[in-house]
Amino acid sequence: MKLSAIAEFLNGELAGDSKKEIKNVGKIESCSPDEITFISNPSYEKYFHTTKAGAIIVSKNFKIPESVSGMPSRVPLIRVEDPYMSFLKILEKFSAKIKLQKAGIHKSAVIHKSSKISKQNTGIGAHCYIGERCVIKKNVRILPNTVIMNDVEIGSNVLIYANVTIYHGCKIGDNSIIHSGSIIGSDGFGQAKNPDGTFTKIPQNGIVVLEDNVEIGSNCTIDRATMGETRICKGVKLDNQIQIAHNVYIGENTVIAAQAGIAGSTKIGKNCMIGGKAGIVGHIEICDNVIITAAANVSKSITAPGWYSGYRAVEQKKDLKKEVYVRNLENIVKRIEKLENKKDNMN
Amino acid sequence: MKLSAIAEFLNGELAGDSKKEIKNVGKIESCSPDEITFISNPSYEKYFHTTKAGAIIVSKNFKIPESVSGMPSRVPLIRVEDPYMSFLKILEKFSAKIKLQKAGIHKSAVIHKSSKISKQNTGIGAHCYIGERCVIKKNVRILPNTVIMNDVEIGSNVLIYANVTIYHGCKIGDNSIIHSGSIIGSDGFGQAKNPDGTFTKIPQNGIVVLEDNVEIGSNCTIDRATMGETRICKGVKLDNQIQIAHNVYIGENTVIAAQAGIAGSTKIGKNCMIGGKAGIVGHIEICDNVIITAAANVSKSITAPGWYSGYRAVEQKKDLKKEVYVRNLENIVKRIEKLENKKDNMN
Amino acid sequence: MKLSAIAEFLNGELAGDSKKEIKNVGKIESCSPDEITFISNPSYEKYFHTTKAGAIIVSKNFKIPESVSGMPSRVPLIRVEDPYMSFLKILEKFSAKIKLQKAGIHKSAVIHKSSKISKQNTGIGAHCYIGERCVIKKNVRILPNTVIMNDVEIGSNVLIYANVTIYHGCKIGDNSIIHSGSIIGSDGFGQAKNPDGTFTKIPQNGIVVLEDNVEIGSNCTIDRATMGETRICKGVKLDNQIQIAHNVYIGENTVIAAQAGIAGSTKIGKNCMIGGKAGIVGHIEICDNVIITAAANVSKSITAPGWYSGYRAVEQKKDLKKEVYVRNLENIVKRIEKLENKKDNMN
């Protein structure tokens, strides 16, 4: 892509060789001469004179830093309103060139005749299996070796990577992405204890619903409800290896980092952020706009927005205060010793 | 299913329209008119007059709560000895209607000719692979894209979901269930350090044995033994994303919640309950009837039944007491300050 | 394998029946008469007279323990320099007999014609998928149902188990092993927040590089870089269910135990050991030769070699000291009470 075309695409002002060919995007500290990069955060300006970039996206009022050599820089610049958002756009542009799966159905895929697969630009990869009575809409891509069981509904513009499993009856909303190895709709963990110590399996009869614009990372597990549904609302983004138990509800635009786990029937509000490895027990409610830090364990409902942290999570302010006291215990004991010694001296 | 048939199936007394058709089961607070629900816990009686259920399973001596309107309820009731167990039965009845996999071998499955697959109602799905010298007994269902390597033995009535991998030589007992994405028999993590800092792989020569009536959730990993076997005893139930290392032994009827991990050569007793995200180090023993709470980390053998909790797990009573003291540190310091001030005043 | 052949293979001295046939290796406490075992650690000498082993590998200067019965042992011995390393060799010898995958390409595999697969002893299993422009070198084994997307490079002597997914553009070094269910190169978790609370996906344009001699356990997830690469250096060994986020760098010969997670852009040094369930936040650096204990959470860069532990990891010495103080809090409070009482008595 020529620099002139990139400048036009970004609605920016180009200073430099308009015919230069750019082949990819890169980080300012490590990119190569056929890559474009950006400066948004001033702390990266130090790389301005050393970068090998073929071009840099900067803000309209960007001032070129002085070089140690005093020599003027010759790197082409594209000046835009918001360099970070412009860079995301061009990153997207280059990413879109990677075609992950052709439209059409691969001849090795096994698809039950009762399922309806859109013919409008939907592609199903090699060795996929699609069960009975499924509905798959337009512009969907399903990569090789993914298994979709009976009665699954998949909306438009959905991207499902390889080796995914979607159990019977689950529903996937428009524009959603599911990464490899994730399991949608496996049985919730329901076992009724018998008097002899053995367990009887409680049938898991519900489904999982992913609403629109949801992204699920790789090797996640989202269990079907015992009855009713496990629901992941629109705009929710999950990182990798996340466990969502049966009958959980996750509100709109909540994001969850890797290896977090949410136990059964818990309801998470909208716009929450849950850190990596965090654990949330079952049957509680987390209100909207809550931030749970990495590795925190939440065992009670949270009813006020804000930050929560700790091995037994509380408001972060309280948690950090407690930690300060604990780290100060050696001094506390010294103070007691001093008092005891004075005592002794006095007696 | 007609209400009369359900009442008969549950050996209950029906009061209401015996010809009513019930299509599914549901939760009392959210079910629809063609679903049946139940009341076992009195805290759900508040929904009695507002539920849209087509029928409710209640106990023999259930008293209909008064309605605000004073109008009598018209919802059909089925009175039984134990509403919860009766509900599980009917839940099971409706679940059984979902046929996950036909009997017979799908033509796209690849099965080595030296393997013996029962012809009595065993079904193997599309794109499955079954290696050499395997034995698979009757009433087994293996869903699409599952891989079973050489010399694996699978008992009767086993259900293996899609995209499962079972490594060579492992044994799966009767009536077991393995959910999607789980890996049975991958190599244990054995690496011998060389003087130059590199590692030499220690071959993992053993197997994994799942005894009868075991259930494994989705995306679990159970490693084969270095020598001998990793053994999951009968009736053990694992939730999702659980890691069981090489040479671990898990006693009968122990249940383990999601994302827990057990390190190498550890032996867990019978009838234990291990909470989600709990971690147990290698080479220790946990006796029978131990309950380890969620996110607890166990680093020493446990020799007495009971509850254990905490980041460094101890008896839960001790752990909670410690926590109370820690939360009280601000007050403790205030008491010291008071003593110090009195001191000063005295000097 | 005859004992004489084993003794020769190990360059050891055999005392006993040289024609005895050994069929496998075993643990001294549980092996059978056709298995060979070893004694390296003196604590296992107690099994010398009770083991059923067909032969025992011992050190050159091993002294036969006295038996209770006074009867001399008749078990054949092979005396070697280093019994443990010799045992690993013979373990390897027996393991090598298990052939996991034949050379050649299974007829059900789908391989794009633009990909180059070595004909020198490389084997690709049933239902594998290999995308466009891949290069796979000699002596590689790829087990059934593994998916390799476009533009992937795989070195020589690589072993990839079943149901693995490798995303487009990733590179796998020579002699590496990837266990089942692992996902190499899924998108990093990058989401830019919009003013309305929704998120825009940040394209993940980089790759994952595994250098030579890397081993990845089962159900791991290693995300591709946003730009550039996520790099796992040579000799790194990962256990199961490990999460490596985008742009992470892991130095040579570092080993990581199961269920650990490393957040984005963090750099781990060489020769580190990271315990199971440990968590490391993003954008920090861990220097060489650091040991992080199981379940530790690291939130700051570590600049000195040594042991680190704790829910909020610090140097292990500090962490354990803090823990001692916390456990002693009941006594601390008693000492304060005593001081307060004396005070009261004095007033």
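When the chains are written out, they are named A, B and C in that same order, and each has its own residue count from 1.
As a convention for this text, a contact is a pair of C-beta atoms (placed from the backbone, for glycine too) under 8 Å apart; a residue touches a chain by one contact, two chains touch by 3 or more.
Predicted model only: the values in this text are computed from it and were never measured.
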item: Superposition of subunit A upon subunit B: rotation angle, C-alpha, nearest 5 degrees; value: 120
item: Interface sides of subunit A and subunit C: same vs different residues, half threshold; value: different
item: Centre-of-Cα separation between subunit C and subunit A, whole angstrom; value: 26
item: Contacts with 2+ other chains: residues of subunit B; value: 108, 127, 145, 163, 181, 219, 241, 259, 277, 311, 326, 329, 332, 336, 339
item: Of subunit C, residues touching subunit A in the complex; value: 108, 110, 127, 129, 145, 147, 149-150, 163, 165, 167-168, 181-183, 186-187, 189, 191-192, 197-205, 219, 221, 223, 226-228, 241, 243, 245, 259, 261, 263, 277, 279, 281, 297, 299, 311-312, 321-322, 325-326, 329, 332, 335-336, 339, 342
item: Complex interface listing, subunit A residues touching subunit C; value: 24-27, 30-31, 84-85, 88, 91-92, 94-95, 98, 100, 106, 108, 125-127, 143-145, 161-163, 177, 179-181, 213, 215, 217-219, 235, 237, 239-241, 252-253, 255, 257-259, 270-271, 276-277, 294-295, 311, 323, 326-327, 329-330, 332-333, 336, 339-340, 343
